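These notes concern the structure reproduced below.
In this document, chain identifiers A, B and C correspond to the written order of the chains, with residue numbering beginning at 1 in each.
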Amino acid sequence: MTIAIAKPRLLTRIRLRVPLLVAIAIGWLTLMVATAIFADLIRPYEVTRMDLMARLAPIGTPGHWLGTDELGRDVFSRLVQSIRVSLVIAFGATILSAVFGTTLGFLAAQFRGWVENFVMSLADFQAALPFMIMALSVLAFFGTSMVLLVCLMGFYGWERYARIARGLAISASAQGYAAAVVQLGATPRRLYLKHILPNVASTLIVSMTLTFPEIILMESGLSFLGLGVQPPQTSLGNMVGFGREYLTRAPHIMLAPALIIVLTTLSISLLGDWLRDRLDPTVR
Amino acid sequence: MIRFVFLKLARALLTILLVMTFAFVVLRLSGDPAQIMLGPDAPQDAIDAFRARWGFDDPLWRQYLAYLGQILRGDFGVSMRDGSAAIDLVMERVPATLALTVPALVLKLAIGIPAGVYAALHRESIADRGVIMASIFGFTIPSFVLGLVLVLIFSITFDLLPSGGQDTWRHAILPILTMSIGGIGILARFSRSAMIEVLGQPYIRTAMAKGLPWRDVVWRHALPNAAVPIVTLVGFMLGSLIAGAVVVESIFSWPGVGRLIVVSVANRDLAVVQCLLLVIAATMVIANLLVDFTYGLLDPRLRSARPAH
Amino acid sequence: MTPLLQTRGLVQRYVTGKSLFGEADTVRAVDGIDLSVREGEILGIVGESGSGKSTLGRMLLGLEVPHQGEVLWQGRPMPSPRTAAWRELRAQMQLIFQDPLAALDRRMTIGAQIAEPLEIHDIDRANAADRVAELMDRVGLRPDQARSYPHELSGGQRQRVVIARALASRPRFLVCDEPVSALDVSIQAQVVNLLRDLQERDGLTMVFISHDLKVVRNICDRVAVMYLGRVVEEALSDRIFSDPRHPYTQALVSSIPKVGQGLEGRIILPGEPPNPACRPSGCAFHPRCRAAVTACAATEPALEHHDGRLAACLCLSEREAA
């Protein structure tokens, strides 16, 4: 098969001129991703290495330029590791939730009838129960492990993908191209993966930029409450939570991870807004 | 219209049933409550006695039916910690939470919607850009960061307001501020885009072409139509009146429902967590019902059809 | 010899209004059709909108399951839609759509779309590129257009893409549902001629659905005229156009403009166009028929042989009986 099947031409559709603010956002996110990937190379100390002689060192201390925490652990090293943990959870969860929700939405659109009703009832249920509450009860009773946390976060926002995917797949089937492919003899698998998915991908990507920062916030919220990522492992929310105890004497322990959270979610929101305007004006 | 109400109610009840099932499945299947409550070193006969007392020896479906029956009779079980009724524990915390969430909601509505509408009516102005920037910051700063920063500024640096507790009205100021700032941003942003969309519609241009005064166009034509999407968001906020304060109550040591959730979850107090789940879900479902019926009043076309998601 | 395709007592009905407690309203879009399509012929199906001709076309291909009756492909019943056997059969029968832009995936190059049937049915995949080039050449597309997207082509070119895709798996049977009515008049003739050439060269069997009698006359060997879900007259093309017998066919044929002739002799049909939701009693055409007699409102005429054709009209039967 030599005929190339061209990818949706994202680059020609996104105009090459990027606003300054969005460029900064992209730069920041690149930095964060690079930090997450090369965390082991960047951080100067082990996350758990304590230096009891230099506890609560202020910013600018030689050797600990972001200071140390209550146990004398290097804040910068912990920050780097936290970025990795938080981003891994958020990426993993965003992808899980998009795949899970989209699959259910496509199933609902393909089979209609009771399957559709079942999926939509589940989506209603998910929307009716605040995610934080659901997450709290599950985490507390199953204990807190990294895998469980990612899986749980992977349920965050799935109902949005399911509703979007179902709606788009139904309207795609009503349009000619899906019907045309079906009557060529294509299997449902081929129809959904090769035709409907590429056609709805831009909307789904935009939804992912909406859920990604929310998942970061949700994970850091849980970790802040002490029910997310557990010590000795560290995450951004977890650092804010522990830093809170030393707010008076060493506010930088709390402020450093807080700033990272805010800048990262802000960057994704800016990028998402801009992508949405470019790719898909129909999603609000 | 009757069919519309009927369908909505049926769906709401189904959702509640799903939440009940979820609570049951998660809380009963996740581990042995006897082990959890009595600790790993508990003697076997104590465990057996505990299991018999709380009905954990029955087959699961019997436990499930018994559980549904109890809830229908208004019996949500008793706290495994101190033996008082779970529902009482939850209810005595509700006023404290509402004391934070209701003023916060009022603030969100009173500032968010007018700011959004104003921005929409004066697009590209400095005020509009200000609203957009403020709203983006409003909803990208997590409440625990915002809360701690406010504490840092108002309690620690300037010593103006208390950083925790519930003794006087001054204790409520920081939590209410923390809760409302994000919501104001979201609501302003949302009202702005809803309003802009409505202002672009042909009937607004028609109303303007008829020579109606601009004020009448805005008040009589644009606002009622922009209200439909805004109501959805307000409904969601209404639904989170009870559950929306988990993080904020933890920061400010406010003895409300949110604190109770965190404490019960940490203690693995089954009955209380179950009861909280149901009360919170019921609030959400009722708020959704209110939204749906408000739609029906605002937009007659939606009365027969199911609103699109 | 067994016809390639045959229908027996085909009925399709749709539910229109459904209330929670009330009875469902149904509309019979196709109401008892017996047709056979012979190998190598082009059968035209003519009728106004609402006559059920598109529904019939979809049932002929097995895309819809008839409410009653059956479709036989080479003497065997049509498999249920979306089963493996049904999908396999798609290689042998294809549909050409009215709106080519809607029928194409706007995110795929047309080369890839023409190759799709080859991939789906696993036909000669090694030489797929050659096959696509050959198909594009046959329908009159330039080789470099294989890399363009549907929106970059004109309406006529898109329809050529749809035709090439339909032919890729070397089908034996093609249903063309109003294939040219969305195209400019100047392009229509080109596409019709293309279809005619392809049919002659490959010996394809075709059902050509259209409301446009000029087009049908150009391409079809045999024509069936439909009114409100039933066939009212069926004959060889020449015979239908030179000597229509059913009053409805007569009105349709008289409305074809002829060079050098004004509007005289044209039969204007009175009344509402047919609405399948309220079907008149007796002969469904009688409220608009200029030859109607009182019996027409009471008795449904059967499709019978009259002078080398099939027609369903009481007046024709009586005249012969007299």
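Simple rule for what comes next: a residue touches a chain if its C-beta (ideal position, glycine included) is under 8 Å from a C-beta of that chain, and two chains touch if they have at least 3 such contacts.
The model shown is predicted, which means the values in this text are computed figures rather than measured ones.
Participant: Which of the chain pairs holds the record for C-beta pairs in contact?
Facilitator: So the chains sharing the most C-beta contacts are A-B.
Participant: Just grab the chain with the largest centre-to-centre distance to chain A, centres being mean Cα coordinates.
Facilitator: It is C.
Participant: Could you name the chain whose CA centroid falls nearest to the centroid of all protein CA atoms?
Facilitator: Answer for the innermost chain: A.
Participant: If you average the Cα atoms of chain A and of chain C to get two centres, how far apart are those centres in Å?
Facilitator: The separation of the two C-alpha centroids amounts to 52 Å.
Participant: Centroid from C-alpha atoms only, then distance chain A to chain B, rounded to Å. What do you get?
Facilitator: 22
Participant: Please tell me the distance, in whole Å, between the geometric centres of chain B and chain C computed from their C-alpha atoms.
Facilitator: Chain centres of chain B and chain C, defined by C-alpha means, are spaced 57 Å apart.
Participant: Any idea which chain B residues touch chain A in the complex?
Facilitator: Within the complex, chain B contacts chain A at residues 11, 14-15, 18-19, 22-23, 26-27, 30-31, 136-137, 139-145, 148-149, 151-152, 156, 193, 239-240, 243-244, 246-247, 250-251, 261-262, 265-266, 268, 273, 276-277, 280-281, 284-285, 288, 308-309.
Participant: Within the complex, which stretch of chain A touches chain B?
Facilitator: It is residues 121-125, 127-130, 132-134, 136-142, 163, 167, 213, 217, 220-221, 224-227, 237, 240-241, 244, 247-248, 251, 254-255, 258, 261-262, 265-266, 269-270, 284 of chain A that touch chain B.
Participant: What part of chain A is in contact with chain C in the complex they form?
Facilitator: My answer: residues 1-6, 8, 175-177, 179-188, 190, 195, 198-199.
Participant: Applying the document's contact rule, which stretches of chain C touch chain A when the two form their complex?
Facilitator: Residue list for chain C touching chain A: 61, 63, 82, 87-91, 94-95, 97, 99, 101-109, 111-112, 115-117, 119-121, 125, 128-129, 132, 146-147, 149, 162, 165, 169.
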